[in-house]
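Have a look at the structure that comes next, please.
Going in written order, the chains are labelled A, B, C and D, and every chain counts its residues from 1.
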Amino acid sequence: MTTTFNKRLLIVWLILTSMTLAYVWIDHTADQNGTLRASTVVTVSAIVIALIKVRIIFREFMEVRHAPPLLCRLTDAWVVLIAVCLLGSYFVGSSIAG
Amino acid sequence: MTNLADSRPQVKEKPAKFVPGQPDMWMFVLFESLLFTGYFSVYLVSRTQNEQLYLQSQADLDLRIGIFNTIALLLSSLTIARCVKASRAGNYRSALTNAFLTIFFGVVFLVSKILEWVKEIRLGNTFTSNEFFQHYFFLTSIHCIHVLIGFVVLGVVVYQLKSPARRSQQLVETGATYWHTVDFLWVLIFALLYVVR
Amino acid sequence: MPDPPAGSRVSRLVWNFRHHPKRELWFAWWVMVIFYNLYGVLFFFVTHVQPPPSPAWDTPTVVRWFDDNGHGILVGFSVVFLVAGMCAPMNALLAYSMRRMSVSRVFAYSYLIIYSLAAVPGMLVMAIAMTVAALRPDRDPQLIHWLYDFAFLSFSGTMGVFMIGSLVWLVAVLLDKNRVFPKWFGYLSLCNALTEVVVAPAWIFQRGAFAWNGAIAWWINMVVFVLYTCVFIVLLRKMIEREDFGTGPLPDLLGKRAAVQSDSVEAVR
Amino acid sequence: MRQRDGELILFWTLPVVAIIWVSAFLLFPGFLHPMSPTMSAEEVAAFYRDDTARIRYSMILFNWFGVGLIPVVMLLAMQIRRMAHRTPIVSYSLIACAGGPPTLFLVANMFWLLGAFRPERAPELTQLLNDLAWLTFTILVPYLIAQCLLLALAIYWDRQDQPVFKPWVAHFNLLIAAALAPAAFTALASTGPLAWDGLLSFWVKNVAIFVWIIVMGIALGQTIRQQRAQNLVAA
């Protein structure tokens, strides 16, 4: 019983870690010759990957998977809310800056 | 609660739905993440107003340190999740080991964070250097304060696990929920400070 | 508990004020509500010191700001000087909530002293500095600018008393077994305590999100503070309604419907 | 039963503190003819230059004994605990008030002493210190007002056969609160009764504080004596 749980947790951790390492790849493709360049694609994908990680942490580590539907929906709504706020402020800010 | 669960046959296949830890802690998690979303939004808006400065300053951050931080915290999240499972199964020895591992990885995170601050300050990037480093030092240090509070919380978890007289599963889960919050806030901070372009 | 006599609202109010068993608690609660309302009106609408003007202004702008708002500042802060004593029953009620918990009296007394102390650097010093600045518009502009900084920094930058006070309340709420407050209020106290950490850069920056009028150091903190204040006002009201003057757990509030039902059950029997 | 030893000693410090306060009040050169807010910066600077010694010694005396009233307020708070109340809210409130006036007074006291420390500085700076001192001194009333009102309320609520204080004490406290109130508005006028050298803001306020100390001293003394007599009988 415990071992199957632990295996699942380990797989989750591996997924989260590999998603973290994916940032290295994003980072390498975004920059040329060590100078950093602004990029909407990188920004959006960085935020989206982070939010997917947050949702996985919610579902698996924080055991929302087994929680009543209210908490499931609430945490999902929160991920969406955070996404809207972050992407919204990025795009609104960009459009103000021109 | 258990009586209720026993009376229903299908419960055996699907474990009963429950909120891990105190529901009160979940209100804190949601409220605190909303607050951080506020800080992040301010950061992203200021960033778009002065993109070149942020990009130049960002070049002084080392992505590898950020990744190391993240993996350390993810490991601590893994161990505290294992701690919760073990303590639920009544395996308190393993739960304690995992709680101490969590503390260990938390300390690793903290030390690597402090070393990174020292490195940045040596490079001449301080809290007052420019707008990017204002946000960098603010977000990392407010998060570190959460880590420090987390050590108090983990202390409570260890205290609960140590004696058979206590061992409140609810408090262990509440502490774990707090610690995971520290973790996922760092996941967001990491993406926003190190990766966003 | 004897019932108030039938009569006009005023006579019932007078009776309640003199004889109601919870008169002291309700008195303190109403003082608190009136105080926070007055505080909002005086700081936001009469003196215009909130939301705060910019710390980045140059001296002539600051002097002009005092010229425009001087009269409101003098009148508003005079009223503050008259009513600042209302803090006392308010803090007494908050301390009482801790006294009602299953924790040591040390919590109640610590909170009482910490928050009584807080009013001087956190509010009255600002009022004094603002009044002195508005008193003589012909004063050397540099000195007016210094008073301006002094006022806003003492107001925003008084942190520790509120932080430690909130933490004392937090620990009391979490340890309490009398169910005086829900545990989530304890966690909300932690959020409130952290706003006092977040405001610290106001001592350092003259512009940006962390200055004393900044998006993070002022606006987000203000949202938390207002929410926290509203929450504890409501929770204290609930506490007073549930108060049974015992030492054990506070009973739950019997809803009106439940009371009616139990009455009808009695009647059937 | 609570220990009551030493209460009489604390009580008898009151006349001593009162005498010291009156002496320091008379010694400070700016009180008998209170300084007007209309004085120019040069006049203020001259005042600190010419009367340096008396300012220093009187304010040092005030600094030593400015907090002298706290034990008496605490004695009052303890008496409130004996009243027929169901909660300690009023005595908590009085404790919360006790520190306020001395703190504000000490702030004013420091500004006066600072003013006299380097009287040769630029007159505008001395005037600023003087303004801060006088304003803080005049507006230290909010906690005193609250103390009076809370005492009055506590006495009105004390419904028992032998109340701790007689009802006239409550009425007296209301009167004092009313007398202290105008001082809060001193910043609105630089001449006339509201100005900080005026009839209401200076004379009425300070005389009210003085009268309060004497009258409450007598009332408190009687109460403590009665209480001790009762305790003796009970023992």
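Throughout what follows, a contact is a pair of C-beta atoms (placed from the backbone, for glycine too) under 8 Å apart; a residue touches a chain by one contact, two chains touch by 3 or more.
Since the model is a prediction, treat every value here as computed from it, not as a measurement.
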{"item": "Distance between the centres, which are taken as Cα means, of subunit D and subunit C, whole angstrom", "value": "25"}
{"item": "Distance from subunit C to subunit B - Cα centre to Cα centre, in angstrom", "value": "31"}
{"item": "Subunit B-subunit D separation of Cα centroids, rounded to whole Å", "value": "52"}
{"item": "Distance between chain centroids, defined by C-alpha means - subunit A, subunit D (Å)", "value": "61"}
{"item": "Where subunit B touches two or more other chains at once, by residue number", "value": "38, 42, 46"}
{"item": "Subunit D: positions in contact with at least two other chains", "value": "none"}
{"item": "Overall pattern in which the protein chains touch one another (line/ring/star/complete/other)", "value": "line"}
{"item": "Chain pairs that touch, as defined at the top of this document", "value": "A-B, B-C, C-D"}
{"item": "Partner subunit C, residues of subunit D touching it in the complex", "value": "37, 85-90, 92-97, 99-100, 103-104, 107, 124-125, 127-128, 131-132, 135-136, 139, 141-147, 149-150, 153, 156-157, 181, 184-188, 190"}
{"item": "List of subunit C residues in touch with subunit D within their complex", "value": "18, 21-25, 27-28, 74-75, 77-79, 81-89, 91-93, 95-96, 99, 108, 112-113, 115-117, 119-120, 124-125, 127-129, 131-132, 134-136, 139-140, 143, 147, 245"}
{"item": "Touch list for subunit B against partner subunit C, complex", "value": "22-25, 27-28, 31-32, 35, 38-39, 42-43, 46, 127-128, 131, 134-135, 138, 142, 145, 149"}
{"item": "Residues of subunit B that touch subunit A when the two form their complex", "value": "15, 17-20, 26, 30, 33-34, 37-38, 40-42, 44-49, 51, 55-56, 58-59, 63, 67, 70-71, 74-75, 77-78, 80-82, 84-86, 89, 91, 173, 176-177, 180, 183-184, 187-188, 190-192, 194-197"}
{"item": "Complex contacts: residues of subunit A adjacent to subunit B", "value": "1-2, 5-6, 9-10, 12-13, 16-17, 20-21, 23-24, 26-27, 30, 34-39, 42-43, 46-47, 49-51, 53-54, 57-58, 60-64, 66-69, 71, 74-75, 78, 81-82, 85-86, 88-90, 92-94, 96-97"}
